[in-house]
């Protein structure tokens, strides 16, 4: 009849998360460290901690245009609880929005494994992938962006990985793929933030099925900020049109 | 036609969150600092950072019994995307589950303001509140817990606040209320973790309507851990009975 | 340890809903009749059946502008399952959108009871309510509409109620309120479709807390139609701007 | 800039659904007829109307054990609005729960088309499918049930189809598949209610991607009944254990 959980043990006046007393983690570890612990079952090294914090910060918000933000603000304007509006935003994070992390992780892992198995260079493997995508008229998840040609978050995540000594085969593969895609398509298809997060999560050995989760964990506070702004400054039952929004710093 | 947002400005290759370039925050600030920034519009002091990190860590998980966990695992077992299962967990955080943060913030703010206005001591105000609750047969949100008589998270949050110099009128009021409630009811009704978070958020001057949001932001990674455990180790379409769960550290 | 449910009994090869074998209801009763049965515990009279069918039909859709539709289509464009997009639409039905049914039911029930208790005429009671609303600068839920000055659904629901012999005190009160509101405010504030549904549900003796449910049950197929149109005819990750929509009959 | 919708046109005092004035449908058509109209763009014949009503009635509830019911009741017990609890139930209807309708529609359509293309009998095609499933250790969606060996809903849907003259190739294929699966596996794997709904929707020429939608539209009132029972008769923040439920007719 019983089933097993390895996450958290609850006893009167004692809470144990992944074998550690929760109150002893408080004040000693920051939130990103405990996020890592609860998802992976072990504490991060300092370099992993630094990179995870940067991934969560990179994901925190992207203004009023993402569908998750439009959905969350639209629902918030209907007079429902904050958590209901937040849920509407969270639901929308799927295949076409945020979902590139998981799909890009699978692509990168597959590419690295296949190159190693076949004993070919990463450059050769990347060109093979680019050729196949061109033939099939497909895009590679994690490459290219609607707004940014040089995504500042990608650049920073790559720098932080290099500084932290996290450079590994998946990050290397992203560079080979950028070159091969440019060669094959004749235009820039640079690694976007989803792709950079994907490469870093691969280097930290997280499973692809958790890929989108990091994006969501990072984005939730951004969605909360939008919901709060909507309910505290706008009229109820409003049509949220992103193109009509004007940014004011204060 | 236009409307105003003050959260995030998007330009090609440039993302500005609350007036700060996002890529410059990455690697320099941890996630909790940027959560504070996006919700409040300013960076936290080191003491506020420390307390916010502890609040988020305290909220991360409470095992398999909370309704949000049962809902998230139940939905996850149906073969839907991770974000859909997460949304089911998030929706359930309401008046009776996690919602005590907002209600307790309102109660503490009201109590402090009213004592100051009437020029009475916090002890006197707390006794007045306890008397009124007794007459009306009501409970005070943020006090008492089903499982914990001395919640280790409450103790730690109070210690961290004291260490960080965050002690203020709302925390003081929680002590007066604990005494008054004991006196009036004849039994211990200690401050629970929701109440402790509420008092600290009051000291950091967050609005009550954002109260539950911090609990949710902290709990999302815990829900993700449960959803991942459910989908990676359990059979589909399962009835999740918390009382049949057995904790294993490894 | 046990708890009681009175809705549906499941035994091998036998399903009993509110005391009736489900397969015997199929083919004999239409859907609205079984909706009535499952929610009320008894079968509707022919007049109640007719009115409930009309309420559900009246609620089925209101084009692309309602927030629930915008939310559902926005989420659908992200590549999530149909049910996830539908959930985003359902969540948004709250205080400011669809929620007037419940609030108007409470207002009508209160008005009728109070008039009876005080022994005053419905006209007198309606004027009292209109005066109080004017003093407090409040609106009465269920009266007035952004688009329609004479809502064709309201007119039809009133006609059907009259034809079916369902005319009762709550419907009568809506007429007194329309006159009193016009007198007091100097402009037309006609009963809208939420208010008409509210009055009819009061006459059929449903509890106000189920009021919004009928609107939701009726609206779900409309949301499904929008989600299907979105995913089968539009590009992914689209910004849904209702004012740019053009209606084509074929 | 503009985009096209073909569902509903809103003008002041005039609502047109799929080319028909909504108020003229009220009182004349029942809900299932308008559900058919809004999803298909045309009115159903009497036989299609009858079958659709039966599909919706068949889907209305299955007691306290389905995950959608557990999720909806669990969330309802947290003190959130009815529509939020309903959304949690709706989200859970996915691949493993209700989702068999879509998958079975695809399987039946594929089987019928392939048999016709190859010029082989339905029996031969069914045996081919059963062999392949056995080799791959897979199950056919829409066949077999945890509780019912002879699902009374399946039997009734088949009878109604026959009575209504709706018998067609997809229904015929379900019979061939039942025999082939029995032959191949040595045990009964009868068509379940999802499979019967799938076959009927194929005969009525609905697309498979709308398959699960009919199950959801039918189940929403059942979920509402459970949410209302939960909030009106149970204590807040309850653990919902289906195996401890006891059915009472009154």
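Which chain is which? They are A, B, C and D, in the order written, and residues in each are numbered from 1.
Keep this in mind: a contact is a pair of C-beta atoms (placed from the backbone, for glycine too) under 8 Å apart; a residue touches a chain by one contact, two chains touch by 3 or more.
In this text, all values refer to a predicted model and were calculated from it rather than measured experimentally.
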Under the document's definition of touching, what chains do subunit A and subunit D have as common neighbours?
B, C
Report which of B-C and C-D is connected by more C-beta pairs in contact.
C-D
So, what's the distance in Å between the C-alpha centres of subunit D and subunit B?
40
Intercentroid distance (Cα basis), subunit C paired with subunit B, Å:
35
Separation of subunit C from subunit D, taking each centre as the mean of its C-alpha atoms, in whole Å:
24
For subunit A, residue numbers touching 2 or more other chains are 65, 80-81, 83-84, 87-88, 91-94
Subunit A partner contacts - residues on subunit B that touch it in the complex
1-10, 12-19, 21-23, 25-27, 29-32, 34-35, 38-39, 50, 53-54, 56-58, 60-65, 81-84, 86-88, 90-94, 98, 147-153, 155-157, 159-160, 163, 207, 209-210, 212-213, 216-218, 220-222, 224-226, 228-229, 231-234, 244-250
Under the touch definition given earlier, write down the residues of subunit A that touch subunit C in their complex.
65, 67-68, 70-71, 74-75, 77-80, 84-85, 87-88, 91-97, 99, 236-243
Going by the contact rule set out above, which residues of subunit C touch subunit B in the complex?
80-81, 83-84, 87, 91
